[in-house]
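What follows is a pair of complexes built around chain A, which joins chain B in one and chain C in the other.
On to the complex of A and B.
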């Protein structure tokens, strides 16, 4: 009993300081950025070719194309300055919409359409009653672009 | 402390009425223009997150006070804070997950905000485990206080994570835009009321737990006295 308790104690402290340490370490190495913008990823040239990357921005208004009879979609991720065409097949989250934020994950192949394996929607910090939709869309675009800087 | 315990019954009733009023506002608030009804999860998620941090601030103050003045009251309040804070942190993570699955498309993401909040929950559990793992209550109280004070480094990390690093979690809704808050019109009052109700709820729970701990310590002291006489 006594030995079990001590073991449990040591394990817990290891987990606590391990996770704290890992968090602080990754913050110094810069990998705490959850995703890159199209501008950043295009600037890497071929150095990230074949690597799994996350690319985030806004689903450009008017760019979303659904292939009839399948779950295949195409759209453009924009960060205001640069655009990146994306292809994806599968279910999309509720908040995945034109003019809203998105994070796409997949292998980076420079010069080709980005083949996303996973699509996550990114919500802006705006909460707006449904009666004010038009104003909401304009404001969330503004805050999303600000958070991409 | 006894007077505090007597007042706590009234604090409980006040908390209950505040919660009822706040919940009425939560369920009569309009739909969000993007999230629809899911926006109501916010009213549980944000107040719990705030309380998980507030309770930890209180825990750090009690710990410092205990180390400095060797105050039994501070030690009891520190011991009482840990499980309450852990509960708030757990509610934050679970409610966030329930919102994240339909909205983001995932239960979990290892971004800076979510990870640092998980670290807070683990810290709370480590603090509870450390106290229970040391047989001598005086040593246990002191070791726990030291761990709690070191752990406070996670608080600014959680708070600023969404401003320092690009996260999947949305940036703060307050104090960033020139407009004040990005939560608009009738969507804001339920959050304010829920936050106030949760501050009362947290205080009530800590005092309630402190009463139980104090009673248990008195009982344990009597038991040791009795066995030493026999």
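On to the complex of A and C.
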């Protein structure tokens, strides 16, 4: 009887937490979103087609176009070496403007304009998304300058 | 002047904190209690000195002393006085000093309260807490000093980040810190017990109130953060599984596991190693939380590496504390074997075991999601984020499991319950649960998760209420009391148990809020010209005009929106877009109507043409239940805290 109970307990534990573990594993791998610069993502060819990605860089000066009377915008994310045209519809974050760092998230469709579902901006004093860090922005600025020379 | 005084006070405080580490060890070694008293006096003086240091920094803020780098970076002449004071913890350097000050204050209180009652533990408590304080003070003094002067002081400061100029954000960090720091006391007691080798349940009994108090503060801090995100960030939600939020959520999860499982040790002498493991982990995660948020490592591991001194120091400090604590635990593990075995699956012990596993898995889930991107970035150059869907998918089943256990809690007994008795006591809660689910379905709610959550919440609620009802009825019959007196005496007779019940009621309210706002949020994006109107659910919003308003350090565009709701309810909402003068950063101020059943949340966007503006409107059901539920939880903790130790001891 005692042994039976123990077995029952252990089986219950295994079933409950085994399935939780499986759930964690599957949803974890499915929720990873990789970050790329325009150069990196353009180099992937079609291998990332359909995947959700984040693209980071600068909003190229002079590239921001607002469609009159709508919330649709078009702009170009540039890392200096390469440019990626982006489309977005909706409210932009407070810090979104030309010449500033930006991160756009959406499904990657090679050969088309990047349809951003979300646009990210700085969050608070101490925490900013990886791609928005001063170092990340400096890097894309640097490569932009290099390409201008 | 003030800042040099503060700096000097901190240096002396560090020296005394080092003395506070060493003297108790010597005192115990040579059997001379006077050495331990030296450590006690040092700990008192450290508190005084750190109070002085913090005050010095605050005075520098009030004096607009922009020659102090920290002040210049976190304040300006136009910043309201209130925010000048709270800017003490507005940045990295100041918040570390604030942390150390809180810890010294708690050390003083702990030493003063437990000096004579826990004489054998006190030396080690002093040493352990002295070590943590020294660790922070070295960081403050040598690696991230708030006392640094600028050679060319600017005329005006850079101002506090506008997003942080909000009462919610002002109270968010101190509550979190009080929670984090509070866990240092049970941690020190646990380490003292391990060093002493006299590992009884004494440390748990002594620190019950410390743990509860810290947990309540941490909870409040997290809720303040969520509240701030909801009211200030303008995206219609309150929790985004952002690494910064996760950092505070991890210690909360493990602390929750801890104070459930200590009950098993108190009543059944089981889980001894486990409890020590949990409190060490809780405190380690508190440190990790502070450092993750404050070191800049979350924005990029390269930011961490770009300031190698600070990064390496933090890693070494954490490593020492972890190695020492867990090493000690392993060394003493043989003394901690339990003779008692788990007897039945249908017992409180087993329920608490499952509870703990759920919370540990929840903690691991968050840890994985928070640290994995850092690991990837360190090992390869790839950058990755873990999306909110991961957490949501994992946390929903965990929440369901926890609700089942919460409902079973009042039905189960220690050592196991007769299965037929369990079956009969399940009838009522299960009946109500089924009725609740059916009611939901009839009201038109078809999402399976919502129906299951409602069912389980009703199950847990009924189980608790039945237990309360039975107790009240027994008192009314036995002591011939009226229903009100009976309720009050019952609640106050066993404050700890019923305090726990009240906390559970708060959790259930919050769960309702999570389900309501998570599954039933409605959102509308649109463009309106003055005079236009729109509807969302049963609300009708008319955009009347745009006005310009001014605050002390900002100027804003404000939309005037007339709202007509159900039952003839009318009001005006004023969503704003603000520009702060000293920082080139516009902020969005959402206008929110908070009702009992739902919130109406309006955000003003940019002008689309000369005469039209973008708006985003949300209807968020039951959000106020989250804030209300946290209040109920606080009440429950307060009730539970009222129960002193003597009763617990005498009851056994």
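Everything that follows uses one rule, which is that the second predicted complex is superposed on the first by the 87 of 149 C-alpha atoms of A that agree within 3 Å, B and C clash if a C-alpha of one lies under 4 Å from a C-alpha of the other, contacts with A are read in each partner's own complex, and residues count from 1 in each chain.
As a convention for this text, a contact is a pair of C-beta atoms (placed from the backbone, for glycine too) under 8 Å apart; a residue touches a chain by one contact, two chains touch by 3 or more.
As the structure is a computational prediction, the values presented were derived from the model and not from experiment.
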Contacts of A:69 with chain B and chain C, given as first, second, both or neither: second
Chain B versus chain C as contact partner of A:100, first or second or both or neither: first
Interface residues of chain A shared between complexes with chain B and chain C: 5-6, 8-9, 12-13, 16, 20, 23, 27, 32-35, 91-92, 94-95, 123-133, 136
In the complex with chain A, residue positions of chain C that touch it: 90-92, 161, 163-164, 242-244, 293-294, 296, 298-300, 302-303, 306, 342-345, 350, 354, 357, 361, 364-365, 368-369, 372-373, 377, 382-390, 393-394, 397-398, 401, 525, 527, 585-588, 603, 605-606, 608-609, 612, 614, 616
Touch list for chain A against partner chain B, complex: 5-6, 8-9, 12-13, 15-16, 19-20, 23, 27, 32-35, 56, 91-97, 100, 103, 118-133, 136-137, 139-140, 143, 147-148
Chain C partner contacts - residues on chain A that touch it in the complex: 5-6, 8-9, 12-13, 16-17, 20-21, 23-24, 27-28, 30-35, 52, 54, 66, 68-71, 90-92, 94-95, 123-136
Residues on chain B engaged by chain A in the complex (per definition of touch): 30-36, 38-39, 42, 102-106, 109-112, 115-116, 118-119, 122-123, 125-126, 129-130, 132-134, 147, 151, 153-154, 157, 161, 164-168, 170-173, 176-177, 182-187
